Structures are given as structure tokens and as C-alpha cells.
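There are two complexes below, and they share chain A, which is joined by chain B in the first and by chain C in the second.
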Partner chain A sequence: MTATAAPTTIPLVRELAALLGEDGVLHRRDELVVYECDGYVIEKAVPDVVVFPTSTEQVVEVVKLCNQHDVPFVPRGAGTSLAGGTLPIGGGVMISLTRMKRIVEINARDRYAIVEAGVVNVWLTRALAGTGVHFAPDPSSQTACTIGGNVATNAGGPHTLKYGVTINHVRGVELVTPEGEVVQIGGVVEDQPGFDLTGLLVGSEGTFGIVTKVIVGLCRDPEAGRTLLAVFPTVEDSVEAVSGIVAAGIVPAALEMIDNLMIRAVEAAFHFGFPVEAGAVLIIEVDGVDAALDHEAQAISEIVQAHGGTIDKAIGWRTREEPEYKAIWKARKMAFGAIGRVSPTFCTQDGVVPRTALPHILRFMEGVSERTNIRIANVFHAGDGNLHPIILFDEQDPDQVKRALQASHEILDECIRLGGSVTGEHGIGVEKLAMMPKLFTPDDLAAMTAVHDALNPDNRCSPAKKIPVGGHCIERTSPGRRAPA
Partner chain B sequence: MEKAEHMNVRPIDPPVAEPGVDLAWLADRIAYPLFQQCIHCGLCTASCPTYVETGDENNGPRGRIYLMRSVVDGRLGVGPEVRKHLELCLDCRACETACPSGVQYGKLIEPFKIEMVRDAPAGKGLSLIQKVVLHHLFPYAGRVRAALLPVRGLQKLGLMKLVERSGLLKLLPPTLRNMAAMVPTLQPASNLPEILPAIGPKRARVGLFLGCVTDVMTPQTTGATARVLRRNGCEVVVARGQACCGAIHYHSGAEAPALELARQNMNAFDFENLDAIVVNAAGCGAMFKDYGHILPPEERERGARFAAKVKDVSEFLAALGPIPPAHAVPMKVTYHDACHLCHAQQIRSQPRQLLAMIPGLELVPLAEGELCCGAAGTYNLTEPEMSQRLGRRKLANIEATGATIVASGNIGCTLQIARQAREKGLPIEVVHPVDLLDRAYEGES
Partner chain C sequence: MNVDDRSAWPDAPGAGPLGDGRYAAAVHRPTTVAELCEVVKAEAAAGGAVYPQGGRTGLDFGLPPARPGAAVDLTALADVVDYPHADMTITVRAGMTVAALQAILDEHNQRLLFEVPRADRATVGGALATGVCGPRRLGLGRPRDSIIGVSFVTAAGVEVKGGGRVVKNVAGYDFPKLLTGSLGSLGIITQATLKVRPRPAASALIWLTADRPEPLDARVAAFNTSSVRPTAIEILDPSASQALGGPVGLKGGSWTLIVGVEDDADSVAWQVDRFRREAGVDFDVLRDEASAPLWSALAAFQADDAPLACTASLRPSRIAAFLAGLRPGRWASQAHAGNGVVRMRGLGEWTEGEAAEAVDAARAAAVRDGGNLVVARCPTAWKPRLRVWGEPRGDWALGRKIKAALDPNGLMNPGRFAGEG
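This part shows the complex of A and B:
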């Protein structure tokens, strides 16, 4: 990396290079451009420097230098944020954690693992293969996203319906505070006394410091599972069935809905064998003790039939590595990319409604689609009411862009009105900053700001993220993200 | 997606004064919508060997697409940094497998790599030795064989190890030193006749592609491929006049000679009268399958017809229905996915299916089996440092399996892994799956 290095005159860059080596610092414009955005491409900000520390000690020194030179800093993992969570607002130093990628310890008997923040989610999954335990959060981006990023956004995934989101699987973290101190929060055992600081940190989107290590809890692998593909004539029938399943006391491991527009796109791209005439399909998965599963699958299939659906496929599996099992989940997780092939531009929303409001919000979205003359496809985590409406438009047509933006806002406003939220798992980042005042009262926001200011008093660490602090508010002229969820 | 014009977020920076590449030449070869297909989700990143090694997004697929698009948009020029990051790409296509949007990354990076060689500043292009090796030696099996004669002589006399130990190789320029390190123990040439009859009832008539490096470095694999095909009822035509596939030229930026070789192959194989053209080197197979895309427009239709006949040997046998071999090969084997099989040709199950047919053979999984071994055509000559890093990583994963035999469907990987093992003094044999299948048919172990 030193072939083209020239001595720099910027003192901070020089000090960072002295600390990390020339190989650990990017500061030439040509190499900074790729860091100007993440999975959210609508807004951009180029960092002044990107650094690649390899240890907690180096992160500490980097943070101290940033404080000395009074420049903002922001952590970045794989850069798969869908809400601009890694955008370096105001420039400054971007701290890339991709070289902190060691799995420090795996303790299958006590069911925890200690990993550095830059470990990719699926690397841990692979390292745990055969141990009988696994890390439950499985966002669609799991093959790329880092566990540090999962902690920052409190990431979800299809299997969080039964197993919970990231917060339910983090026992502790090692944090470099905005002042540059190392603190250990939580530990390898669960339910530590005192305030739940781990709970406060998970989902804080990098605003309380830089997480360098994570102690994750591991779940026992299920003995077996059944994955059903249920086909419905209409979307409404499918979500009524979702409510029916949950009301019957069944807790599926995953419960995912894909509508007709999406089915057709997935089939055109991947030929997985989904019925293209169906109004909607549900992927319903139950796992646990083998002996109980046929009974549960039977109960589900009765509920499906009662709502006008049929079971198109039923896969019985012992491990999540079986090819048929992997194929169906690949279809689900690749769905967003597939829609990219049939529409020049799209944006994915991330609203949440109470599960019983699903039929209402789907009808509402149909209305929005008709009113704005904008196509809306749906693929989402039906089981926990987390919607991912995909708004299709052509960004070359300014009028369509305007209508797409209007559709997005109407849907999210309705989510709030129904008592839901504007993000289920992607985070606020910078994208939804302007919606926080809609979601919370001024008192709520003041309380959050007080916590923020106590832990990040100078607002140098990840400025302008999560809550509207410091007057950074961004006016948007085109719709939000357009990437997988 | 048929949007020919630029769209999306317009560049905000003033256009760069010096693009550093011929933008018009690139525009003729890269349709702009190919860039737009990338939705910037980043799901490709962790599949990329150079990103996994360096953690720098400039060395990842999404970052490289961003760099290339920025160049085309006039935001960036191809200066030393951009050039370095693009050149470090292995062109392994692991990102294409990972991409949910169907981005055809190879169709972006390959024209860029060609153009960077065309427009290389003094001292930044291929060295003279690289040029000689790449363009005048490799494409010609006869010349490769002649060039390696002294090595074979030394090996036969048991002197090669002495030469290695003496440090004499260190006197060679780095390119030649790397080449010398790659040379395996050489076997006599395959020297196959033009027509080899099928054994048993005839099921197909196939052309056999020999390759320039494969047939010299591992002629035993050429022989094994022919025997295995015959055992499966194939009449094998070893077309005379066939040449190098052109991949080495094409990927090192020499487009015109690559296309000339393509034409030579299309003329050599009477492909309309063959059921398939069977290839046992993944890199060559992937190149052949691209003929319909890389040739000038007026020749593409014929190129595509030729390409449609090209099959990797495992792909062909799996589709034909392989005859189960009779003899046991009781060995513990692991399989390394060559990038140009698993990513460029999406062939994964077929080689494993062939290996699974062999009685007594235990196939153990290889961690990071789809991560490039660092061979990547001539990458080991042009980017030796990263190539070594990836080679060592691959070997460590192989060692962890406990297998002493590695099966791989590409000559480049075979040489690279064998070299790594040799340098570390590990008794690991690297073979082609058909080598093992051949042993199982013929009854030798």
C-alpha cells in the first residue's frame, strides 16, 4: 500500500499513520469516495480519513486523537446499513472495524461467544456449525453484515419472530467511549444486576461509542423443523392466516409473506418454483422437538385452509444446511435483488404495525398505490408486523419520484397512526431522523437527548444519527433506500 | 432496465481533467445500465477475497464498481490509487454468485483491466518478461514444453530440489522465480491421437480441448479425461489446430490476440458436428463460454453457437449420466471450488457428484471452499503478494480438513495449491476430479 504514498502535511493524518501504519489509513480523495455512502445511497458525505485499527487499543488511540483535533468520528462495519447509519456527517474520521475480525472465544457449553466487532454474522454461524448451538439473529444481509453493525442497529431477520432480535442475544460489549476510555458492559453470564446498560447500547447506532467486542448468547439448535409454503388467493387471506396462526398459540420460527408482484419477480429471476398465479405466499417455519412438529404443521395447515389457502410444499429438515431448505430461504432473502431486475429504481420501507392491523395496512397500501399510481410490492416479516413495502418507480421521471415519495410518507404516517413505528430493524440512521418528532413527543425526545448528552457530551461520536441532536436535519428530495432488507 | 442514458444521482464534483483511460473505448464495451444494476447493498463484500484480506472497500466488488462508475461519470481519474485497487481484483467472480441483483461484474472489470493495460503509464504496464511469458510462451503448448525441458531434466536427475535449496532461483527476476516455483513434477506429454473410439456402446461424440498450460503441466489429466470420456461411451475427437483459449491474453489486456485465438479454436473444432466440446480447465471453459459476448458483434452469433457446445468435463458427465466406476479409491479427499467453475460457470454439484460415485472415497468439506486460492490465471505473476496471502489461507483451510488429496477442476488452482504445499513441506497431492475417477475406472490406486 505504500507504493503511491506521499508524505502528508495534515497533522492528524500523519499522527494516524504513525499509529496505524500507512496501510491502516486512507486519506487520498480517490480512495475516500467509496466510503461516501452505504446501502442507503440517497445522501452522501465523504469522510476526510478512513482508518483500519486492528485492536481495541488502536481504536482508543484513534478516538483520543479525534478528540485532540476536535474532529467527528463514526464507526463503520460492512457498510450495509439501509438508513445511512455509517454516513460521516460533517466529515472527520471513519473508523472501519473490518480488520477486527477475530472470533475470540466460543463456549458452546455456556452458550456464548466473544467476537470482535468486524466479524461477519455468517462467519460466526459457520464457526458454530457442528457445535449444536447457533447465533439466532439472521438479517437478510447476514452474509456480509458485521456483528458490530447488528449491535448498532439491533438487527432482526426472519427468525427473530421466535428467537428475538439482536438485543436478546447480546450479553455484553466492550466499548470505547466517545472520550476514548475502554469499558466492559455486561459479561458472559446473563441478567447482571444494576442498570441494563447493554440494553441501552444495543440499537444506539454508534452514538454512545465504538463497540469493539461483543459477547453474544448462543441458542441451542433445534432438533428438527418443518418449513411450509402456503399459497393464498389474496394478500388479505394470507395475513388473516398469520393472525390465525399466532392466535392459535403457535410460535413459528419464521413467518414471511411474499405478494404476487414479488413472487413473479423472484420466479423470473431465480425459477424457484413459486406459484406465479398466487395472490400471496407465506413461508411458515416451525422448529423444535421433532415429535411435536407434525402436529404443529398439521394445525397450521388447517388454519391455512380455513383462510382459503393451500400448502404447496412442506419440507421436513434436520439442519438448516439441507439444500431444499436453503433454496426456499435463498428465494426469500434474494427477493429484493430480484425486484431490481424488473424496475429501474425501487425503495424499500421498513414500517411496523401491530400484527392485527396487517390486513388494514395492506388495504391502505393498495389505496395508496391506486391514488399515487405507483406500484408497491410486498415481502415482509408478517409474524411480527414488520412491513417492507417496496415502492417501484423510475427515477428519471421527476413526477414518479414525487409520487413515490408521497406513497412512502403516507404508508409510514399510517404505521405511526396505528401505533406502530417507522423502522423495524434497519434503524433511524440519517434517513428517518426527520420522522423522530412524528414518532415521539418533545418530552420523549428531550429525555433521549439527555441520555445522549450524558454519554456523548461533545456529539463528536456519530453525529447526527438516531436522534435529532445538534441541528442536523436533512431535507430529502427522493425516496429512501432501495436495497435488500 | 434498458436505460442507455446516465441517471441516478448525478456527480456533484467537477469533472476530472485527466480520466487516465480512454472513456470512449470503455463506453463501446460497457453499457451504462450494467453499472446501474448495482444497488449498492454490499452483500457481495464478504465474498471477495481481496476485501476479506484487506478490509478495504476499495478492494471489494461494490467499491470497485463505484470506482469504475465514478471514472465513467468523470468524477475520478484512473490515477495510481484507482489503478492499484482495480488491478488487485482477481476476477474470480465470487461477487456475481453473492449478488442478488444479477450484476455482471466480469463485464465491468474486464474491459477496465484491458483498457488499463492499453493506457498504462510507463513502468506501470506489464514487464517485458511478463509480456514474453504471457503472450509468446503460454499460448503455445509446444513452447511451454520446450521452455520447461531444463526443469524436467533437473527434476528427473533429482537436482531441482538442490537448485531450490541453493538459492540459485533467487537470482531470477521475480516473475520467473514465481513461475519456477509453480512448476510441478512434470510428466511425459499426453500425445493423444486425433480420434479415440468410445469404449462400449457409443453415447456421444465430443471434442477434447487440451489447453496450453494444462496439457504441459499435467498431461496425465489430459489422458485421464480422454479415458474417462471413452469409458462413458464417448468418441473423443482431439481436434488438430486448436489453440490456447485466449483467457491469459484477454485478462492481461491483450484483446486482439485473444480474439484471434478464439477464431482459431472455432475453426479447429467442427463444433456443429460434435455433441460437446469438453474442457477440463475451468478458466478455459469460462473463457470459451464468453466467446458469444467478447467477439465483435458480427461474429457473436457464431461465438454463441460454439459457446453453447462447451462443457466442463464434470458438467458434461453429470448430464450424460456417468457410469459408476468399479474400483475403490479409499482416500480422504477434499474439494476446492475453482472460481471459474463455481462462480463463472455456476458448476458446484457436478464434480462432487462424480467424486461421490467413487467407492471408498471419503469427501470432506473444505472451509472457505469458494474463496479464491490466489492463482487466478496470471495473478500469481502480476500480484504475487496477495496471491501468496490467499494461497497460504487456502492451504491452512486444506490442512484443517486432514485430507491429503485435494481435487480441483482448474490447472491454475492445482499449481498454486501444490506449490503452497510443497513450500510448506506438506504431503498434499492436488488432482483433477477426473484423475480420481480415472483411477476408479482403471483400478490403480
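This part shows the complex of A and C:
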């Protein structure tokens, strides 16, 4: 036994090692540091132990041991959370699902797949290639994030505009409750009598237990698609066009905006061929039956032109495997990797406004940028009104840090004022607990707390996440440095 | 407010029906949410139960009311709160009828994404509480996929909300989903925000017939590789074909496959043509306006007043075998074949024993492959034997914990929902 584990957890570590084998348990300080944070790096907490169960039974035993020893536990997938969802508040045991990575069943005829929680989103996409069906949620982090993590955060992605977010594609889960019982929620068939517990569980950020398996629903692949790259002189023009497209009753498959700062960063990194002089570009995709798409693409072009834009590229495709198609989406999804070229430190915010309020919020953000003298870049899911302003600053400069934080708060407050939300997909995690009372009344929060306490009575499972239970609201003193989505 | 004795069931007609032959001790029709909160508090104090009601189209659904109490009529809370049509969302009070909501959406050529039978009476709150939907669920989803925000009055007499008014939002627990389909047993839905979509420009219903259900199964399976993207795939047994399609020319006596496509005119024309080539057979088509009556009839099938009705949820691949196993002449059945849902309506006279036997057999067939069967309607006296909600599920234990947390004294619609009785 090493001397670095907290003395109180030493017996627990021994029991965990007996259960999972030495290679299923990490407890040396140098090994644990890797797990001190996820994609949200501003707060850190080192777990006492990290375990890697390979079966539901092992998860059950781990949870039971945690209960016996009265230590908190937190599930972790790939750790790409941008809200500190995996932070082990109060230490304890981190349960990594990454060794539960089997695709258990694919049933294209009945349009579902059963996967273990640690299966990476894109593995399922690959396994389904050629079957005619796909799993719709495609977060930008899809090459890393797990489906268990997608379920816990109710993840979105560019194509969730038309097809819906994770919850719209989950039929059921196998859950290990905070007490260590295995419960099958939902199932392979679409309707189940009883409350929609699947609906409640998806997006609960690990606070109702450990998801060990997921039954996902699969969508038919589109028959064809058109992907347009529209170029605009200014950001305002581009978001006016977004509002115009939505208001015209067109429901694109995806509608993403990239502003000049991000275009330059992406070009420098990937040389995709984005016009670096443009104020903003939109990636607009429509899909469905080929016969309908020329009309739709035409209608979109007209709206783009009416707002001062031009169509720079138009890709017609039959499958999402075509090289030109893949290139444009790669550039979009890798955008975040390129930010490092622009600023030493950045923080990606996640807010939502009604889509018609996009022009307003973009102007507002420009004002914030001027007032605080902080640069803000934008690349986001415009069609959903889901903003990801990237706040650029130098963390060595305390005054900049303060101003960056102020910018962040002003933007989220304005989202709330416009009837929106402080998170569209990244989650509350630990990061936004303090904002919950701005969105919800004490009565709303009391009801959420009642449900939390009913399913997680000892608050040992993922403590201090999602809803402000037990006074765990932490005031931020720094905006964080994170990759965006 | 007149809160009287709540210790015994009043005789008919009492203050109006609660369903299952039971009557309310009082009826309240609040005109504001504040008033509704007071009503709930007063009823809680009087020790009665609270039975929320909308258009009273589904009062017999579920198990019988367990305790005497008051009906709360939501139909006076019926206004539009916000309709930012360009955002394709609408927020309305729960007591508005679905038809009234649709009429408002019509002004902007938009529509609700789920179908509600008896829409002129059924309210938005009632539709959400029962989670009702129809054939278009294949293309447009269920109510749970439309709802993005909800407000409800809890047993404590306070209004609580979850979700919001934007289409993407992960702040807080998903009360909109939890309340949808909860049959009023967690609280009284007062307001909802729903996603809406533009009405498609064109629509077609294709139908073809067969002597047996099995050949239709292969056709349904073919949609997994077809170029056609239907909004609905329905199978009707011979009796249902007769009942639903007689007026529009469907042949009774045959099994019928109905495929609905909706999109712009070019796409619909192309898909109809494409299906003709893929299927290699000829078939009848109803287009645009001419398709409307059959679409409505398909959505309304479940609302018939047959004394015995069941809904099975299966894997789509089991639909044909399940239908083939039902006793001919005893059921009229409609399947939302792409979704694995079968709606069965009992034909003719039944005794309790016959019904129990038939339901047990159908349920056993459904459960075998991970499905289930719910009795949507039957005489109250048969409910215990027919086991309305079917085999107890493992996750109902979690449901009971949630119920206890939000409604510790069992004030809201006691007795009715799955896992309670």
C-alpha cells in the first residue's frame, strides 16, 4: 500500500484492488494528477482513487464499497466535460467507464444499438457505416467523448438542429443506482409504461447513478444532402441570415457560424480554404430526399444574398463519407484546436438565446468586448441559438482575467434576459451552479432537489453537480481555460 | 371554494365524473395559477385528492381513482403565453384545446408535431399528461420530443418549472420529459413550451393490400434501405381497414399497408414514384387535400369508444407475427409499424374471462421480445384482472421514489398510474 493515498481510504483501496485487480485501480499521487480535472481546467480536485471496472457487476461492487466506507464517487467517461462534471468534489472514488467499451448489439432492422457506457461516440458511427442508419448526436468531441458521457450531459452537436439532441435518441439505460442496485430503465421498444425515467436521467450529469449500458435509437441516413459555405462581410449579416432561414420555415440539418477571428485561426491551422477576409461564414446543410434539396438550397441562397452574403461553395452529397464533405466538417469540428494560435488562454462559454435574438446578442457581445477590452471569438451552433463565445485573455494578467470573467457573466446574463439559458449542451457541472438561481426560482430548485434527494439520498454520487444542493455554490474567480465545442 | 366531506365517494353525478364510474366531491375551475395553487392547498388540507381534468377525453385511462376528492378543471387556463413564430416555439397554458392551439399555428402555416385525437376537446395539458401521439410519430417524434419547457403545480400548491423556451437547454433536471406521460400523478401541468414546425407543402398516402400480414412485414423492412423517407408507416388488419378506410375506398377484408410521405411537392412526387419502382407493384395514392381525411382517421383510431382496447409496444420486426397471432374477428388493429406500436380495439361482446385470456395471450407475445402491453380501455371491474399497466417493471421503484418526493401524501391523481395500484 502506498503512503500517498489518504489514510482513510487505504482499506478501501485494498478492497478495490482485490475486486478489480491491481491494474484496475490507480491510487499513487502521480497517477491521480491526470484526473484532477476534465475539459474545464479552472477548478481541480484530485480523487483518492480511480477505478476501471470492466463490467456492471464490478461497478455495483465498487459503489457498494463506497457506501460502506462512506466516501463519495463520481463517474467519468472521456473527461471532455467543459463544465467540470467529473470533478471529484470532496475526493473519493472516480469510476472510469473507459474499459466498458463493447458494442453489445446493433439491430438496424429495429433501429437500436446497445452499447456499454465507455464506447466512444465515433466508434458507434463507424460500426454503423453502411447499415443505412446512424446515431444522430455528433458532438464536436465525438472522436473522444463516450456515449455514457453523452447521455449524462444530453450532448448536442451540429446535426442535432434537425435530428434532436441525445435525449431524442436514447431508449433506455442500465443504471447502477447510488445505492448499488442495477435498474433497467426503458428498453429496446419505444414506449414503456411508467414515468419517462429515461427522459429524466439523460442530462442528469451523473447525479442519479452510474450508467453502464445505453440503448440508443438509430436514424435513417439521409438520402442526399447539400452543404453550403456562405460568406458574409459582417457577423451581423450572417446571423440575420440565420434568423431569416429559420423564419422562412427551413429546417436545415446543420447551421453553424464561424467569425473572422476563428476563420483565420482555422485557416492557419488547416488550410481548408475559408476566405480569411470574410466577416463570418455559415456552414448550412440541408438533407433529406434529393428531389427536394435544390429548392431548399436555392431558397437559402436567396436569403444569404438578401443579407449581403455569397455562396462560396456548394457540395452535393449522397453519403457523409465524401471527401469534400468530410473536409468542411473536419475544419468546423477542429476549430477549437486552432484557438491556441490566437490567444494564450481562452474560455468557451455556452449560452442559448431564441434564434431570432441572434443579431441582438451578437451586437451585445461586441459591446461587451469593447467595454471590457477583451477579444471574443465565435464559432457556434447558430441554428439552435446555441452560442459558444470564446473569450480570449492572458491568464498571467490578473486584470484581464477579471475582465474576461465580467465579459462571460454579462453575456450569460443577457442570454437569461432574452429568455434563453446558461447552457445548451455543456451542462451545469460545477461551473454554473451559481447561475441556477438566476434561471430558476427557489420553488423550482426545491422540486429539483427533492427529486435529487429521492434518487441520491446520501448525496454520495457526484456530489455538488447539476443543481445547487447543500450549499455547494462556488463563486468563480476566474473564467477558466477551455476548449470549445 | 367549497370543500366538503372527502371521506366517501359521492353518488352520481356528484360534481362531475372522475372516470371509472367515480364522481368528484367538488369541481374547481381556477382562472389563474394563483387560484389553482390555493385550490390545491385547500384540498390537501381537507385530506382529499386532486384530479386534474382537461377535455375529459381520457378520464378512464389507467387504474381507477383511489380516493375521494375534487376535480380541477383546467379549461379556464387557456391563453397563449408567447408565440415567437419565427423561432418555431409556442408557449401556452395547459387548458387550451389542441384544436385552438392548431388554429393559432395555422396563422403562420405551422403545425404541432404530434397528433391528438378529439382535438376539439382534448387540452394541451391532457395530451402531454397522457403522452398521446399518432402515426406521424415515425417522422415527427412523440410529445416528449416536442416539449422543451413545462410549468406545473405540485402537491404543495406551488408552481414549479423545468426547461425553458429555447430549443436547446440542459440547465436543471428535465421536468418537461418527466411530466410528459405522467398522467397528472406528479403535479398539474399549467403551461408548456413546444417546438413547432412549418406545415409541409405536399402530402401523400400510399396504400396497398395483402391477404396476410407477413408479406407486409417485408415491405416495412424494406424501408430501412429504401430511398423513401416516410413520415408514417401503418398496417391495418382487415377490420381496421374496413372501419378506417371504407369512406376513402380502402378494401375491407384485406390487410393494408399505408405509407405517408410529407415534404415539398417535388419530393413527395419523387418518393411516390420511387416507391412504385422499389415495391414493383401498383397501388393507390391519396394526395394533398384528398389525404387529409385518412390521416385524421389514422390518428383518431385510438379514440374509439370500444369497451376493450389495448396498446402493445414491440420491436418493429415483431409486428406482423404479433398481428397474425391475434384471433381474427375479435380485434380491429392498427400498427404504427415503423415504431412497433399496435393499437387493438376489441370487437363485439366480451366477457371478463375472455378478455383476460386474450389480453394475457397478447401480452405474453409482446413481453417475450422485450415489449409490453397496456390496456387502454376496459370496464372498471375488469381492471384488476386485466392488469392495466402490465407486468411490474424494475424501474417503477425509482418512479415511486420520485412520486413520494414530489407528492408525499399521494394527493395527485392517486391510484391511477403505473406502479401505484
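The criterion applied here is as follows: the second predicted complex is superposed on the first by the 474 of 485 C-alpha atoms of A that agree within 3 Å, B and C clash if a C-alpha of one lies under 4 Å from a C-alpha of the other, contacts with A are read in each partner's own complex, and residues count from 1 in each chain.
The criterion applied here is as follows: a residue touches a chain if its C-beta (ideal position, glycine included) is under 8 Å from a C-beta of that chain, and two chains touch if they have at least 3 such contacts.
Owing to the predicted nature of the structure, the values given are computational and were not obtained by experimental measurement.
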item	value
Contact breadth on chain A, by residue count: chain C or chain B	C
Partner chain in contact with A:Ser141 - chain B first, chain C second, else both or neither	first
Touched partner set for A:Ile185, first chain B, second chain C, both or neither	second
Touching partner for A:Pro233 - first (chain B), second (chain C), both, neither	neither
Touched partner set for A:Pro437, first chain B, second chain C, both or neither	neither
Chain B versus chain C as contact partner of A:Gly90, first or second or both or neither	neither
Partner chain(s) touched by A:Gly340 [first = chain B, second = chain C, both, neither]	first
Partner chain in contact with A:Pro359 - chain B first, chain C second, else both or neither	neither
First (chain B), second (chain C), both or neither touched by A:Lys101	first
Which superposed partner A:Ser204 touches (first chain B, second chain C, both, neither)	second
Touching both chain B and chain C, residues of chain A	none
Chain A partner contacts - residues on chain C that touch it in the complex	84, 86-89, 109-110, 131, 141-142, 144-145, 154, 158-162, 164-178, 180-182, 186, 197-198, 221, 223-225, 227-229, 263-264, 266-267, 269-271, 311, 313-317, 339-341, 370-372, 374, 389-390, 393-399, 401-402, 404-406, 417-419
Complex interface listing, chain A residues touching chain B	3-4, 26, 28, 30-31, 33-35, 37-39, 41-42, 44, 52, 78-80, 96, 98-99, 101, 118, 120, 122-123, 126, 141, 143-145, 269, 333-338, 340-341, 344-345, 395-396, 482-484
Residues of chain B that touch chain A when the two form their complex	1, 3, 5, 7-9, 12, 36-37, 39-47, 51, 55-58, 62-63, 66-67, 70, 75-77, 79-82, 84-85, 98-102, 367
Of all residues in chain A, those that touch chain C in their complex	107-111, 132-133, 153-154, 156, 160, 164-165, 167-168, 177, 183-200, 202-204, 220, 222-223, 243, 246-247, 249, 251, 288-292, 295-296, 352-356, 381, 384-386, 419-428, 432, 435-436, 439-441, 443-448, 450-455, 466-467
